[in-house]
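Labels A, B, C and D are assigned to the chains in the order they are written; within every chain, residues are numbered from 1.
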Amino acid sequence: MYTKKRVVAMLLAGGQGSRLYALTKNVAKPAVPYGGKYRLIDFPLSNCTNSGIDTVGVLTQYQPLVLNEYIGNGQPWDLDKMNGGVHVLPPYETQAGASWYEGTANAIYQNMRFIERYDPEYVVVLGGDHIYKMDYSKMVDFHVANDADCTISVIDVPKAEASRFGIMICDDQNQVTDFVEKPKEPKSTLASMGIYVFTWEKLRKYLIENENEANAKRDKGEPWSKDFGKDIITSMLRDKQRLFAYEFEGYWKDVGTLDSLWEANMDLLSPSVPLDLYDPSWKIYSRNSNMPPQYVGDNANIENSMISEGSTIDGTVDFSILFSGVTIEAGATVNYSIIMPGTVIKSGAVVEYAIVGSDSVIESHARVGSSPEMIENRDDWGIAVVGHNVTVSADKVVEPKQIIGENI
Amino acid sequence: MYTKKRVVAMLLAGGQGSRLYALTKNVAKPAVPYGGKYRLIDFPLSNCTNSGIDTVGVLTQYQPLVLNEYIGNGQPWDLDKMNGGVHVLPPYETQAGASWYEGTANAIYQNMRFIERYDPEYVVVLGGDHIYKMDYSKMVDFHVANDADCTISVIDVPKAEASRFGIMICDDQNQVTDFVEKPKEPKSTLASMGIYVFTWEKLRKYLIENENEANAKRDKGEPWSKDFGKDIITSMLRDKQRLFAYEFEGYWKDVGTLDSLWEANMDLLSPSVPLDLYDPSWKIYSRNSNMPPQYVGDNANIENSMISEGSTIDGTVDFSILFSGVTIEAGATVNYSIIMPGTVIKSGAVVEYAIVGSDSVIESHARVGSSPEMIENRDDWGIAVVGHNVTVSADKVVEPKQIIGENI
Amino acid sequence: MSVNYNVLGLVFASMHDAYVSELTKQRTMGSIPFGGRYRLIDFPLSNFVHSGVSEVGVITKSNYGSLLDHLGSGRDWDLARKKGGLHLLPPYSQTGGIYKGRLDALNNIWGFVEHSNAKYVIMSNCDVVTTINFNPVLKQHMENEADITFVYSRGVYDYEKNKCTTVLEFDGDNRLKDVLVDPQFSGECNIWLEMCIITKDFLKKIVSDAASRNQFSFTREILQGRRDDFKIMGYKHDGFFTKIDSIQDYYLANRMLLDPEKKNALFRKDMPVLTKIGDNGPVKYGLESNIKDSLIADGCIIEGTVINSILFRAVKVGKDSVVKDCVLLQGTKVGENCSISSVIADKNVEISNEKVLTGSETYPLYIGKGGKI
Amino acid sequence: MSVNYNVLGLVFASMHDAYVSELTKQRTMGSIPFGGRYRLIDFPLSNFVHSGVSEVGVITKSNYGSLLDHLGSGRDWDLARKKGGLHLLPPYSQTGGIYKGRLDALNNIWGFVEHSNAKYVIMSNCDVVTTINFNPVLKQHMENEADITFVYSRGVYDYEKNKCTTVLEFDGDNRLKDVLVDPQFSGECNIWLEMCIITKDFLKKIVSDAASRNQFSFTREILQGRRDDFKIMGYKHDGFFTKIDSIQDYYLANRMLLDPEKKNALFRKDMPVLTKIGDNGPVKYGLESNIKDSLIADGCIIEGTVINSILFRAVKVGKDSVVKDCVLLQGTKVGENCSISSVIADKNVEISNEKVLTGSETYPLYIGKGGKI
């Protein structure tokens, strides 16, 4: 029934994304909208397809309905395969009982049977909340060429920011000699991107060991964890396995916070940012909304923005990203903002430096956010956020930095 | 994104099927093989397709991997739809926390959002472990014609067996006046088939009420349940809702036990049993195994049997059902038995009145089961069962009634 | 139920190709691009799908390569089905020749119709653009026990302008009284939307009758010749429609969509028009872009001014260029500092910097596929 | 990786139709049923898919309705893809005519090849049945930096029996020395399996050269005419193969599968042959059935005796009938008390009760599609 696959990818989509909470109330983080028509998970899934990887397991237990429906049979990403394809893997019950995933390593451990069906030589482990275009097949080639047990993709970050990341220390052959999570005094600027290639045989061994060790600790009442980066990588380093760093050059953005989500969107409007969504040789696939082309009315004034299909624009839009089915009425103004699918900005409303979730309504003459120039004390300034399905009533104000999850 | 559907079906596939345990160790009960090339769930899914119902939710939490992979995108049953289609719905985590399904009513309650997407007028509730061919659209028409709140399909059973079923008492207009689970002295012979049509609005109301009442009882430490047949139907009867019985005439078989599973298979070999798997107007769809046609060798001796593709038969097969990829070596004998996919019966082995699970091996001169004529005391006789992936070594004997889950 | 196996849909994808010869040079009627991201065949297919019809045959004549490419497996219309689904019926059949008329075409593909379990057949052309739910039509057809039910709309017919238009007259019981093809008058009348429901048994009879008499034309032989022998009824459709019977008309029909009322009647939320997925990025507007009263499809990159125009997918408009009253098909590239107005640019036209192109409202300038100016 | 976007597969589905004219009357080579449940095109398609090739063009000539029907969306071969996928390339192209030779066909569909991002093209006919993984062939082709790599097998060629067979000769370095079409000798030699790998840039060159010179034949113009100008290499394939070049040969090729060794070489577990799903029930054997040495496909219902035969899907054999040395295609119905031997029955043949039909091993009796006896 299942024929062999050289490479299987496992996508850790688990997170609730609590730092994005206004936008992840009913959806898992990888389903958060981005870039006018995408969701975060479109990037790793499209990368898999474009890299020739056609077998992907998506591990999730938080609000999988939206993600499940969104991924569906995988057809939008060309991952609807008879043999292989994309499969959402939720937690399940066995004769021994039911258990939720207890950490990222445990999630993969519980789904070893899925992997073994395809008898792979290599397993690629991915996250679901980064924006980047990457050919994983080149990373696998690098892994094979180095006869590595594990290869971790890294990106060179500014020294000042290095302490926010997991930092890899390598020798001059790119072999990893040490790994420090968020070091205070970083010895290197190579940050882990959370993308791993493993020789499956090795990963399998360490998953089983970690599971058993953690359970033993738990039985003794000791602290334990079943975490991928923390436990598996550390154990492999301890055992002097061959770990290599694969340096990635290109655009890569972590969108773990509301600020970084806003920034990553704004990056698309900057001509200097090297992320091309219009390259036919490396398409970013997405589930299509089947809407007619956008209609721009007589009173519209659009500059330097990205707008998606099904929208109706009759107001002013500047430096903004508008998703599908958005309505901007005549006399409304949207600047430096992200407006998610189906949201309506009514006449006279002003939205600036803000993220507005999907299917929300900003009523007439309401105001969401403000430009930094208008704020006396810069510390009081930040992105304003309105969640999904929220109405901001007429004349109400959402201040900079404010996060609104319910109607006001 | 979602357009309206008149009817949505919810398939309760939950059960571990503990009475089938040797065959449900790693698979949910609806994934148990039946009839040479099918699995139990093929019947309700094919019935849905043939009835024009194209939106089906499958509720499961026990070992969903096999079921999940089996159902996949629903293509084998023509249920791979952009709008609608079949969706496996596992339990999930929300911001309020994670919870497993607490009964069949709770399983549907937890997935009300799935149903409401399609804004249906009627919801059909199905089980996953019955063999029958039924046009649900006619039952929905009957429901509509009666202006019913709930319609329950019933089958007339012999009076002697009525006490094994949930029995419906009806007036002469087919309206249900009472419902008794396994009555000692049945007042009617109309047994519930576990197939319901609900007006969605009504079902919704009772699901929410039952959930709240059961939670209130639990909080007070009282006994509670969230069961579909037991709680929802009972409450609706109590409230004098319009419940109707829809009488089904045709083949219907519950396969909840190993004996009934064996019988239901043997039924296919009886010319008097009205279950036609070769009717092109009501195909039973199944996921195909892509194997070459079966090869029958020089020494074969096959009579009155059903055999599936990919098998190699060089022995004696009589009154038996053989699934795909089965090998019967020259000199092996299989009588009155069911041999599941990929199993090998070696030369000199004898299998009689038995069920042998998939990918098992019966070595040379082993014996599994026996005909009732060979047993002195009839109480000692019964079907012998060998589970999946089990080897019965050369010359070993599996006695009638014996159930083997591990290699012997 | 949600799927109606009782109905078979038939799309005539190559009817009236000759009237828009500019656009059908390398394609057929059904594959003509329309409305920014659609092809004409998307409308009948979506109408079928939203009416629960899941078995559809597409009858083509020539030049159907682009149609084959557009339709693919039928997946984008949810018609990649085991039971039913989308079937392309190539023009060359047993007899070897190309279909002559509608009846001849039906005779040639009869095996496909016969094989279906449907009781009713809905036939639709591609040259009328409208959004319609066939279920009420079917209901009326069944209640009337009609042989054929014609779908028509009230509309203004202009003898000077309109071509290949069939005008229907009904009696007080909605029964067909007269059929006029391109009649010599102008004014409001019942215009056939080139769609009808026929009971399959009846269709079989007229197709085999026609074959044995070597008759080809549905309109002439059946509607005009024998209308009194059969029970032929009418169904009035009230939504927006437009019929494309010339390149001028094609130009106007596209630009009609700039009227929000018409646009919303065609693109209903409950019956979205389905089409092949393109995976284009969102529209990108540059620093000095200026857009008014236009329909812009995904994948466009606009640096200049666009007024009163329809831009299909992946059109590029360079800096300081002005595009006015235009219909630019997929992949058109307009350079910098151009001024183009009343132009129809077919696929992948390239207009280099500084060009000025001016057509008129009544005679728009048409630039052929891949043209470089 | 698992998918190899570097390779484009091209299937010539209508090559050599004329040699099996009985079977290609209503179909083309690629849609000839074979081996109980397959069509010949299943073998090249499965070979491509299992080699990671996911972009495949199918080049047809005439009678391709049955092929269109068999292939559908390509889904059963996992080729219903957005990136690549299965593309049927109809025979009528810009120029209007039907393809004359392989080079002419390639020239006509060149737009499709050009559009692909692949660097290598694998071409395969449908008249050779074998199971092969193209990855080692590709590896050798790349290592050799060859222009073309031909796939051949050692086999016995018989001048009297075999037709349209190309025999290849190589020098010590595996470089093509000579090409003989239907040579006048018999014996073991290198038989071309009608498959080759060509570097796309090179293919483009020879196709456009040939077009400008009005040349059509790949074998004559390129292989025979210019073999020394190019680096043409051989790859020896060791698995089972059979070439179908007559109805007799078709009969033998099917019955070869009764040899378990040959069957297992063709139907490998790691490379299952993919085909259209039929959703038939299991084979049902009656109370007095008697089967020896036969291949029986799903959906058959057997009440009588079947010996040394191939039964395709949904064949019925009535009580007390004997079927011996036969190849019965899909839907054949044999009544009661019949005796038929050495018969090829095409699709849906009906043989009524009490009939006796006897062909011979060398001249099997062929009954055309839908025949009633």
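List of remarks:
To be clear about the criterion, contacts are C-beta pairs under 8 Å (C-beta built on N, C-alpha and C of every residue); 3 or more make two chains touch, one makes a residue touch a chain.
Note that this is a predicted model, so its numbers are computed, not measured.
Each of B-D and B-C has its own count of C-beta contacts, and the greater count is at B-D.
Farthest from chain A, judged by the mean position of CA atoms in each chain, is D.
Rounded to whole angstrom, the centroid-to-centroid distance between chain A and chain B, based on C-alpha atoms, equals 40 Å. The distance from the centre of chain B to the centre of chain C, each centre being the mean of the chain's C-alpha atoms, comes to 46 Å. Listed for chain A are residues 75, 80, 285, 290, each touching two or more other chains. Within chain D, residues 75, 80, 82, 272, 277, 279 each touch two or more of the remaining chains. Contact residues of chain D toward chain C in the complex are 62, 64-65, 68-69, 72-75, 80, 82, 85, 87-88, 90, 92-93, 277, 279.
Interface of chain C with chain B (complex): residues 1-5, 50, 52, 75-76, 78, 80-83, 117, 270-272.
Across the interface of their complex, chain B is touched by residues 1, 16, 21, 25-26, 61-65, 68-69, 72-75, 80, 85, 87, 89-95, 98, 100, 111, 113-114, 289-290 of chain A.
Across the complex, chain A is touched by residues 35-37, 75, 258, 260, 263, 267, 272-275, 277, 279-299, 301, 306, 310-311 of chain C.
By the touch criterion stated above, chain A contacts chain C in their complex at residues 35-37, 75-76, 277-278, 283-286, 288, 290-298, 300-309, 312, 317, 321-322.
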